[in-house]
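The same subunit A turns up in both complexes below, where it pairs with subunit B and then with subunit C.
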Partner chain A sequence: MTRHIRGGGPLVAALAAALALTACGAGGRDSSDGEAAVADPGVTDDTVTIGGTFPLTGVAAPGYSEIPTGAKAYFDYVNEQGGIHGRQIEYIVKDDGYNPTTTSTVTNELVLKDEVFATVGSLGTPTQASVADYLNDEGVPQLMVSSGSLQWGDDVENRPLTFGWQPDYESEGKIIGQWVAENMPDAKVGLFLQDDDLGEDAEKGVRQFVDDQIVAVERYTSGNTDVAPQVSGLQAKDADLVLAFNTPSYTALSQLVALKTGYKPQWFYANIGSDPALVGSLLERFSEGAVAGSSAALDGVMTTEYIPGIDSADDPWVELWQQVWDEHGDDGELTNYRIYGMSQAYAFVQALEAAGEDLTRDGLVEAIEEGGTEWEGPQLAPFRYSADSHMGISGMRVVELEGGVGEPLTDVLVTDIGDAEITTDDSGQADDAPPEGGVPTS
Partner chain B sequence: MRDRIVSLRRHVLARHLFLALVGLLVVVVVVESVSDYRNTQLASMAYLGIAAGGLTVLTGINGQISLGHGALMAIGAYTSALLLPDRDATVPLTVVVLAAVAVTLVVGAAVGLAAARLHGPYLAGATLALAVAVPGIALYFKETLGGEQGLRVVMPDIPVWVLDAVFFVTGQDLTRSRFTAYVGWLTLIVVFLLLANLSAGRTGRRWRAVRDDEVSAELAGIDLGRARVSAFMVSAAAAGAAGAILAFTVKLAAPSAFTLTLSLTLLAAIVLGGLGSLAGALIGAALLTFLPSVVTDIGRNAGLSDIQAAELAPLVYGLVMVAVILLAPTGIVGSLRSGLQRARSRRRTTSPTTTSKGTAS
Partner chain C sequence: MQQFFNTALTGLTLGMVYAAFALALVLIWRSTRIVNFAQAPMAMLTTFVALVVIDAGYSYWLGFVAALVSGLVLGAVIERVVIRPVEGKAEINAVILTLGLFIVLHGLAAVIFGNRYRSFPAPFGLEGLTVGGTTIALNGFGVFTIVSVLVVMGLLVALFRYTDVGLRMRASAFNQEVARLLGVKVGAMLTLGWALASVVGSLAGLLIAGGSLVHPSYMDSVVVFGFVAAVLGGLDSPLGAVVGGLILGVSLSFVSGYVGSQLVALAALVILMLVLTLKPGGLFAQAPERRV
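Moving on, here comes the complex of A and B:
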């Protein structure tokens, strides 16, 4: 900045003139806004633009950063076949590094700069919670959030545009809890929980069935990589069955600590933390090669399943995903995370299809609420979408991992939040196959 | 003699007020002419700029280092979040910002009292502890502070008179992001005006004296401790205001926003811009705000995948940092200033100009 005002005279004059000009300005504000029927942002006759935020960098990136690559491959596949109602799907992915503050910034960018029609599949509980109200206020649908927190669908009144996709953690907790109560009634249960919605919702579900079997509850904070106190806490209470609700890194960390301290309970990891391939590679990395990083690292561990994964290569859905990935994927193999992204993309394409030729945000939301429960797709159990609930997939089955393959221990069980009963699914969702051509038709 | 000093001080104040007015005009013109998205970026630049401005006074003028300014921003942001829990909150934004400043000032005084006894690496260590501990407080008091997911900040509706006034002047309706940008930049101008005045006056001379030579400062009758604590408090207050603007912009106060990375980022901003210079703090903040998104866009347009483009930003940021340290060790403003002086002294070699080190401009 200048040290002298010398020569400032003309500048002052210019400023004064500018001020005077603007002050002559605009008069009173017109408060009646004539609202004409304009097309929603992000939609043209031949394109629909959507966006999503994911951790592409940082601690949460391993695994999760593959989800959008899967979704993108499937959208490319659909676009190649002419798109939906003549519209090509343009998919914009932003990195938020799993940091809610960054999520808010990049979501702003998606809404204001890229003018997306909706966000689809954006990942994370704390991250998406930071933008849920903003998106609803701006009228931007927040579809198929990649998280199992209850808040993506249990409060339709306050968040009419927010939809979940994967089964919620409470339902998963209930299904796991009931299975333990029926099959291992004498087990001394320890809970290993991530200290946020994930652990809280799941604990609520589990306690409905095995409250009196629980001998220890240990919580860790995401981001703190030392879980030795928690694991020794479980060991000290002699828990011989550990129900763990945590992200993949913490599966690897807890396994490593247990190996060191010689703690050998039966482990039961929730779906979110149990991808054998990723956990195997994380184990190898964290142990600096001391533990072999194969999928067999989780042998004998129990978990749950709600979409077919790479372990069932002859499932017709997985065959479709393999074909999509071979034709449109980036480098690298098809993984469970890419399948997750594709399955989610499939559901969004179904929604676009159902919303019809005249695509509006309201029309899309309505179409999901009306038809969502009937959609056939890769998910093993049907969606719960309705005008009262925006919760996603309604159930899952319990499996035991062997060589990276999930051996089913139960049929597909479905339930809902609260005290809804757990029943065997009779919709036949698990047995359907993709339509000819791999693109849903209404 | 006394008259001359008074007139000089008046002169300084007049100069700062004039610059503030020019700044205000530039802000109005820029905010009105860019898109809503750019305005949210401008708001981010404002809060980084305010915090960096406070830090540059502390580090550049008083010679204390702080790795804990991110934590001080957290205190400002959480104070704002607690005052703006839902749409019915009736606290005016001005009061929210002042409250954030007041609370942070108190914390800053406590930390400053401890910091005044420490030097160099010990001071860095103590403030580092602050940066690490404060996000943990939010996790511990989960019920009131929201834990990992943080507290939502609900911006109240824009007052009707503001809407009317802005429309009268600009002829455009005021959008929410434009409003936030205005709030951020008005705060920045006020904070910078106060900081510039403080450091140009008696207080600033004391701070500089303490920085340059403790013994001679003490011989001149300056209370070292008091000078250090006051510098830390002023700097903390600026961080508190920055925290409030951050809360308005991001609409969330969550521990993940206030990691050690933020404190280091602020330090990087003032080193890039030039230590002790408010203009430098602003340049550093601009770089930090715009560089990542510009680089990511360039990467994506050049055909990189989303992941590669996302990884490009920290790489370029690091390279810029290295380049500035190597090529312009006094920061961007420092280099510009010495370049300007060299040119000036070459023009009139007969009367060499005196240089004054570390003036806040």
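Moving on, here comes the complex of A and C:
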């Protein structure tokens, strides 16, 4: 019986809040009407419970399933040092198999059953798009979505509680496009695009600079592993520079097909598809067939970087991540995906720190909007968080891979969506080091 | 011109894999009169067996043989243990059972072998062959695929047409009671049918895996396309299955290359509908009187 009463409390509160909201027509922020005594769900004096959904199984699992293990390790590291404002971070990870229907179900569980304070780092464009409106309606912050789609940050009015984290695909497309226009003006450019937001946003950015250089555009459907017709299409138009915006498995597949059809352009893979360790492990077995094994598989390929990865082992941030992983990680090595998770977790911890001792959802959102651009962290370029934009990291640098290590070809370049200019970053973010103890302080 | 040629060649090799898979479906249809939807995960399991053998340091060919042998055993065991209890009942029971198997085997493979992508080696070079100075989209492994599927087709035609065992298998599939009266060991024939079909399925698994990436659901698209290929060929004829596979492989390759890769699955269904409307028994149906 008591269970019913306890379970009913938040529901009634939520209903009341919903009614109040409809009445005043606001966009989903609650608890601003003087009920300061009632804490937001997921927060107690000594804990804050957050959740995240990731593909732990299925086609998208390779690589991506490692992200929450990295985040978890960092939260454990912070908890060991006493947590933030005396609160331990409890992190609940759910598997959605990269299937939007499942995402809805497990997100419902996180909100209604686990009563999380916020979701943090949940992964995927189609998956998170399916729950964005629900989370905003329920007043649950959807923080630092692991995807470069524009929709996490460009419409603050409709999604006031949603925040991006990684650089968006359009900005990445712009930076890559400008680099090509300046450094390879005679190249015949072919685009190899995933046929969804990833390819669309990126194409928009690239076309701003190299529209007249593009000779071929090929799109593949994620899930269809036969990309031979697409690669043949690029080859037929004699594209000698391929800008590819695809997931890691498709980097491996496109390399295999190119080998088969004797196609040897300069490849430029966007950050999302270029993890040398993962692609190398996929191609390793084919080394006899003239694909170089392991990390050398992508030698000479160009890509971009926005956080330091395992290839720069003496970067102070990577040293911290290595220490965190050694002390709190599961089995397995530290990988770039785990570093991604940790970097993201670091930003969330910064937000918690900034939100102060009286933790509320509103307070957290405000803290990110007000201070986000100033936060120093592993990211090479600052965040763009403000009251008007929830876009994440503002830039990246272009690198060429050699033995799995990215050799910088440019400084860190920053920009924004639309026709914002591309400039060299002067914030010094790329050269900072983590604070003593590895936990951010405000 | 080169694009046209390359698209056709990739379609050809892909079509041969669909054909191999369709052959397995035809084999089980001819010997037991059911459609086995669990064919794909069965083939996936045996491919992983090959991967384990190869990972242990043995040669590709030992892994190849291991996969075919485990296919034989797996097919026989599944028939004896899972399918046997519903044999003689309505055919739909067995078909639904194979759908269940599909899910179980998937889960099993994920538990045993993990869910990540892994690369699967090929015994021949992966670089395209060079003809008259240009590289064509056909490598050694592609040639191997085409040859082995044609050989298997020949063997199946010979089995059903010229051997005593083949005749008994068909007899027990058509009418168990009469076959039994004539002295055919029906049970053994059904087991044999499953076992052989599973071997052919394993071959299809190995052919599509070679020089590419495998994970527990890598065969899933092949289920659909292999099934379409088999139906195109009339479900009854090995030659029909191969022709159906080729038609499907080449047309889907062209759709993907010239129209758009998002339309591939749709195109497969359109082809299926066209054939079933114009020639309901499939392209190679030979005995309409049987449909009474």
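The rule we apply is simple: the second predicted complex is superposed on the first by the 395 of 442 C-alpha atoms of A that agree within 3 Å, B and C clash if a C-alpha of one lies under 4 Å from a C-alpha of the other, contacts with A are read in each partner's own complex, and residues count from 1 in each chain.
By definition in this document, a contact is a pair of C-beta atoms (placed from the backbone, for glycine too) under 8 Å apart; a residue touches a chain by one contact, two chains touch by 3 or more.
Every value quoted in this text rests on a predicted model; they were computed, and no experiment measured them.
When the two complexes are overlaid on their common chain A, residue A:Arg219 makes contact with subunit C while staying clear of subunit B. Shared-chain residue A:Leu253: touches subunit C; no touch with subunit B. When the two complexes are overlaid on their common chain A, residue A:Asp195 makes contact with subunit B and with subunit C alike.
In the superposition on chain A, A:Ser232 makes contact with subunit C only, not with subunit B.
Of the two partner chains, subunit B is the only one touched by A:Ala129; subunit C is not. In the superposed model, A:Glu109 makes contact with subunit B only, not with subunit C.
In the overlay built on the shared chain, the residue A:Thr57 is in contact with subunit B and with subunit C. Looking at the shared chain after the overlay, A:Asp95 reaches subunit B, while subunit C stays out of its contact range.
Judged by the touch definition given at the top, the superposed model places A:Leu283 against subunit C, while subunit B stays out of reach. Put simply, subunit A uses residues 57, 65, 195, 221, 223 to touch subunit B in one complex and subunit C in the other. By the touch rule above, subunit A contacts subunit B in their complex via residues 1, 3, 5, 8, 11, 15, 18-19, 22-23, 25-29, 56-57, 65, 68-69, 93-95, 98-101, 104-105, 108-109, 112-113, 125-126, 129-130, 133-134, 195-197, 221-223, 330.
Here subunit C touches subunit A in the complex through residues 2-3, 6-7, 10, 14, 110, 115-122, 125-128, 130, 134-139, 211-213, 215, 217-218, 221, 253-254, 256-258, 260-262, 264, going by the rule given at the top. For subunit B in complex with subunit A, the touching residues are 14-15, 18-19, 21-22, 25, 35-37, 40, 44, 139, 147-150, 152, 154, 163-164, 167-171, 173, 177, 246, 250-252, 254, 256-257, 279, 293, 296, 305-307, 310-311, 314, 361.
Subunit A makes touch with subunit C in their complex at residues 57-59, 61-62, 65, 195, 219-221, 223-230, 232-233, 235-236, 249, 252-253, 256, 259-262, 281-286, 288-291.
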